[in-house]
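Each of the two complexes below includes chain A, the first together with chain B, the second together with chain C.
Right, the complex of A and B next:
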């Protein structure tokens, strides 16, 4: 291989992957937003094609705003073009010269808000009440947040404060749990179930209070500079644990995708790639234990027919669906894959008033699947997918790790 | 490390067929894919052999294959396996409510978006040009705002092919889908998945329908699920409806892809998407595992048998960074090519001569196991299928999906 071809091959910067686009339209066929809306010109044009015009300063592609960063285009692409990342980089570029709306500021900074709420006595209850009142008065709607949805309620206790009360059996084998904002603030039971599962497998779970939000909500709303600050902090923490040989494990698939892959795609810093090697999705980690013959399979019997909605951001991690396989080992459990595409929520996308209809239209296939399936429980690894399933599918879904924890029985 | 009986790499027609056939034999199959495969870019009709070496039209694919040179993939696959693969494919499409028709004895003529007729071997009813027979009027249905389907061009080209004595009329349908971005056949097909769209279309066409006298010629828009859309419209109009091939995204290819995925799920195939297979782990004459790239780390997948269906130059299954050094990246299999710069390509792209570069690919024995330049077997358990195979120009001879189907079937049965 000549020096030049080698140099080209080794360039991994996302911007440069655009040049691999053959304009084949695979991404267009796979894009759920294009299916739901004709306002979005589609990944091929908005991503790689428009990127070729990157030298033109004034060039703004209005319909870029419609991309939800679900990454269906990246998965469809036969040539490795990081289409959605191109879109997010471009979006950030746009906001360098355009003001953010109050709505975007709010949707991007859930972590900031949560910190404020938690700092007040009865903060969570007050905030939940406030959100209910706010919704009925149409305050959210007035700033561009989908009035049809409930804002996710704060749990009375965050995961991190619940964690203090969990008595674990200590072990030589340790992992650090990265809860992410949604599990920590809204759905701490997932974290509790995860701790139980790891304990049953002989691991002691640690937490690291210096981690902050992975930055996914910031990236999709164009606050890329802030996302980079988060990345630097989190990557340093991951390194810290890596040096001690302790892996970092997440249950939220958007968090794990951000830590494992998107940081590097967006910011192209070698440290990010190296740190990523120490980050695992929960079921990816459990599947690795299974491969080594170390997964505790002393399951009690449960009677469940599960419908598994696999989140887009799990699909983008390229290791298949180990949760389906592992849960399938539990006596009395049947796992059915929903295979209904993207749910339409895409993090904070579905919370935007002007994207609500698109979000719900994308979700139709999944909602119909839920309505016609004989399953008694819907499972999904992603917190915002679960919100969408609740809202549009009218069922109470849970995280697969909660089923696994149940299978390990009491105590 | 996951262990399977069979690992299939690639999700084009060859990969999907290989995975399905293997699973239906009771094998534990893992399908590793990167990208969504070729079917969204592919008309989804099965060309077995349309033209011979001299670019003469082949009336019967079965007879045409007899005349092919001994190194052609069909000669390795054999007529018996080709027949069985066609049988299996027809049965599978019927089972999943998207029945294909056709046989190896006679071509089906499929209308194209420019109004020509192209030969194919197997096609769904809605693309079978046989339906023109006996009609006296062809209604060409254009769609407002749909590019790449021009009624006038179609009319001009198809008139001498179907007969000057027939009446040709162009009707343009307003779907109400205009006003945003450019629409594609896929947008219109999705619109026709719903009753509202189908009713609008059938009401607009009804005044032109005169039973068996009329044939409606449409772009590929009749729904995204099997033959449901075509059946519905045919029922409402009581006339034949025929779709042309179109530019991608290909609705018909996606219909075929959809039933393949349904069948793969039903047969318990484990599908790992968005993972690029990087290299093989070798032990003697056997491959024991492949290593694939997942986010942040590599994963190893073990199996007894491997089927390579990553495609040719277009999909990166075969690459050539330096002239006359083509590579197959995963197993590092020897890649055969036509030597000599002067033989590499024919500057007339649409000429009636094959392209040298298109012959590039892996040579195999009759078991579809890869061979080196001296005819020596390179692996005992790695089978090569579809566009990874060398020695044929699928574009020139119209044999792409046929080779894919038959080689995949054979590899799975070995």
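Right, the complex of A and C next:
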């Protein structure tokens, strides 16, 4: 795309989406950050309202930094304004002229760090030990990372290396699994469970090592150019599979949202929209199988009362909560929706020292729900939501696909 | 009885220009206006500071005046002029021969019209129609009629000039063929007052004929209504003109946060008629979308209309054919000494018009002081340093606009209030970024009788939500700080304010605007129940 075409598109798109704002304030009423802190001036002002006033002077809205990109505003908006995307575009613009902190560099580039760790013998163990020591010495805190939190530990083996050892029944029906950084590096069991679920449904699972990080942590920290590079790579890979009629499925809702929706909202290239048609979230895909009468429902009996925290980024995909419905079919399972709003973690947001209190305050409703619920297990599709649930709710949550895998029994 | 050497009737661009010029030349002058300042054509227009390009073919004299005044106003009006620059674009459906005439006309009139490549045109104006075949840059600019008029008044005040708003002239006092003064009705209290003067200047614009009639004189003024549309965003970066024979709906002006498209031209009997019809709106859109194809995708905020006061010498042309020139009539020739009428002209040349009539007035008064309105800035600018300091307390993207609206003294007071009272940083108007401190400052002003008066000076209620949120808030602020007793009737004030917004919204009641007004209704009629609670 030429610079000129790009400029025209930018102007058109940003105007058109902000121009739909009626200033109704639903976004502010729905913003969890505003509820937790008076410092954020809110999505309406920082997004569409300021968009109209930018002609007047070069300026920076400091409180833009408080937006967590949880996208509650977009969902609250009755007029379809992509408020959070406007915010992320502005944030990236800000960092064109302002340096990034070391903290943001670190939080944005988890993939880079993981590669380094995995390249060393005993890298994961060393890194985990290092992070523990780092935490106790206050090193993370000193660069602005919330000292109260544990950094997510590296799994001893990444999902991609575990995958090599999984024996699958081959099948005509194939899907490509997009694990994303968190499942691959920190929570590979989710990926293993997903492979099992797909096998039980007659699918062979492929992986594509050429995929890279979806870019979500880059977008929220203002590294938009890098995110675009990731988008180009991932979209090309999605296309590659699309041509062969093989869908791409993710278990992490922030990854799937990025691949499906945020790429084209942010970068507005037509290929991104087209590629998005070939990407599904795990339970969205399973729900489609169910609609076609093809979901394997030969479940064993389990005894669980599940409290389901639905991640913001799943809500933003607009396909309901099929996990609650599908898990509800398992004999002995009761699913209760937490219905407690945003957990406050929002990817790397809750890891920022200056956002920690806000993050925990937002999470209070969910923590309270967990404390008072009679459920024995908390489930959530999002990895960082699960970290928050662990940290603030003091329970060990799991991904709904892990429950489903369990219901299919051994073997 | 109040007395002034010269009384000026009409608080439009011409009137405030005369007020300032006379005051600067040391003449004791009082301006009376029946509403708030610039309630007529001087605010109900494009907000365009013409380069003269518009008149380069048809009326080169007007074109030459425009370019000279344009350069003067850019210099003296840095706080009310936004030097956006202008672009003339010819579409493939427009007469190519006209382009040649226009280029020559600009050259002959001293207007620099710089041809640019289409690529450059699209870079500067990304939303332009791809049917553009040629483009030129001219020194058009945007000018804010509200700020300009208040800044003229502020300037006049420094030299002892006085003004009274909400004073409607109901009689001209005369004795033996000499003007002695006027009778005015305070439109708020209904009281009748007399003001003595030696010279009476009728600068009532569209109402000049009516004022003249009060003195038993006849002045031919044909109100020529133009309807304009305000869009919610800056669609353009420059003033964009169609390069063809001047016609309806062919100019877009980026005016602050909005874009104004206009205008139509329609002779009407009464200048009070500022209504716009759905049909006029549709006509404007149909023409406007030739220049900006996606025009209908953009949110319209409102339509508004004003009347050009076209001077009609006996046997003259009407409408677009009529001259945009101005005329000064000395009624001594009609048997009434001391009364003069100035009529016609355009906003861009208001200063020149004022200078010409003030020269004549000064000759009568034996005042030899020369005109200095072209040299002295309207208001001193807020210093960069003060703006930088105040930036800490103003909302983002709010400092510069507040500085140009307020001027140094008020700006300093508002900045102080923001600094010392953080709660005053709350926005009364979120769409136009206006703080509580600024609204309070203007609410306190003796010339604020209605929330609408505050609106014209702050832009509250003029943005996206068209007062949905600020009507309630500003009514509360006004009730607390307003000097006039009427301010205490907060529900009445709020309703009047909202009705004013509704008037302009009604003709554009489609799409998002319709949804917006439904929200207004839900808020005020359902939630607040402002029309309820009355006994039948």
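Everything that follows uses one rule, which is that the second predicted complex is superposed on the first by the 393 of 411 C-alpha atoms of A that agree within 3 Å, B and C clash if a C-alpha of one lies under 4 Å from a C-alpha of the other, contacts with A are read in each partner's own complex, and residues count from 1 in each chain.
Following the convention adopted for this analysis, a contact is a pair of C-beta atoms (placed from the backbone, for glycine too) under 8 Å apart; a residue touches a chain by one contact, two chains touch by 3 or more.
The structure presented is a predicted model; accordingly, all values stated were derived computationally and were not measured.
Judged by the touch definition given at the top, the superposed model places A:75 against chain B, while chain C stays out of reach. When the two structures are aligned on the shared chain, A:35 is found in touch with chain B, with no touch to chain C. In the superposition on chain A, A:53 makes contact with chain C only, while chain B stays out of contact range. Ranking chain B and chain C by residues of chain A touched puts B first. Of the two partner chains placed by superposition, only chain C is touched by A:44; chain B is not.
In the superposition on chain A, contact of A:25 is made with both chain B and chain C.
Judged by the touch definition given at the top, the superposed model places A:61 against chain C, while chain B stays out of reach. Of the two partner chains, chain B is the only one touched by A:320; chain C is not. Of the two partner chains, chain B is the only one that A:276 touches; chain C does not reach it.
In the superposition on chain A, no contact is made by A:376 with either chain B or chain C.
Residue overlap on chain A between the chain B contacts of one complex and the chain C contacts of the other covers 22, 24-25, 41, 45, 79. On chain B, the positions that touch chain A within their shared complex are 1-2, 34-37, 40-41, 177, 179-181, 183-184, 186-187, 190, 248-249, 254, 261, 265, 270-276, 292-297, 299, 314-316, 321-322. Interface of chain A with chain C (complex): residues 4, 7-8, 10-12, 15-16, 18-25, 41, 44-45, 48-57, 59-62, 79.
Partner chain A is touched in their complex by these residues of chain C: 119, 122-123, 126-127, 232-235, 254, 256-257, 294, 297-299, 391, 395-401, 427, 430-433, 463-465, 468-469, 512, 515-516, 519. Against chain B, in their complex, chain A makes its touches with residues 1-2, 5, 9, 22, 24-26, 28-30, 35, 37-42, 45, 63, 74-80, 257, 260-261, 273, 276-277, 279, 284, 291, 315-321, 325, 337, 339.
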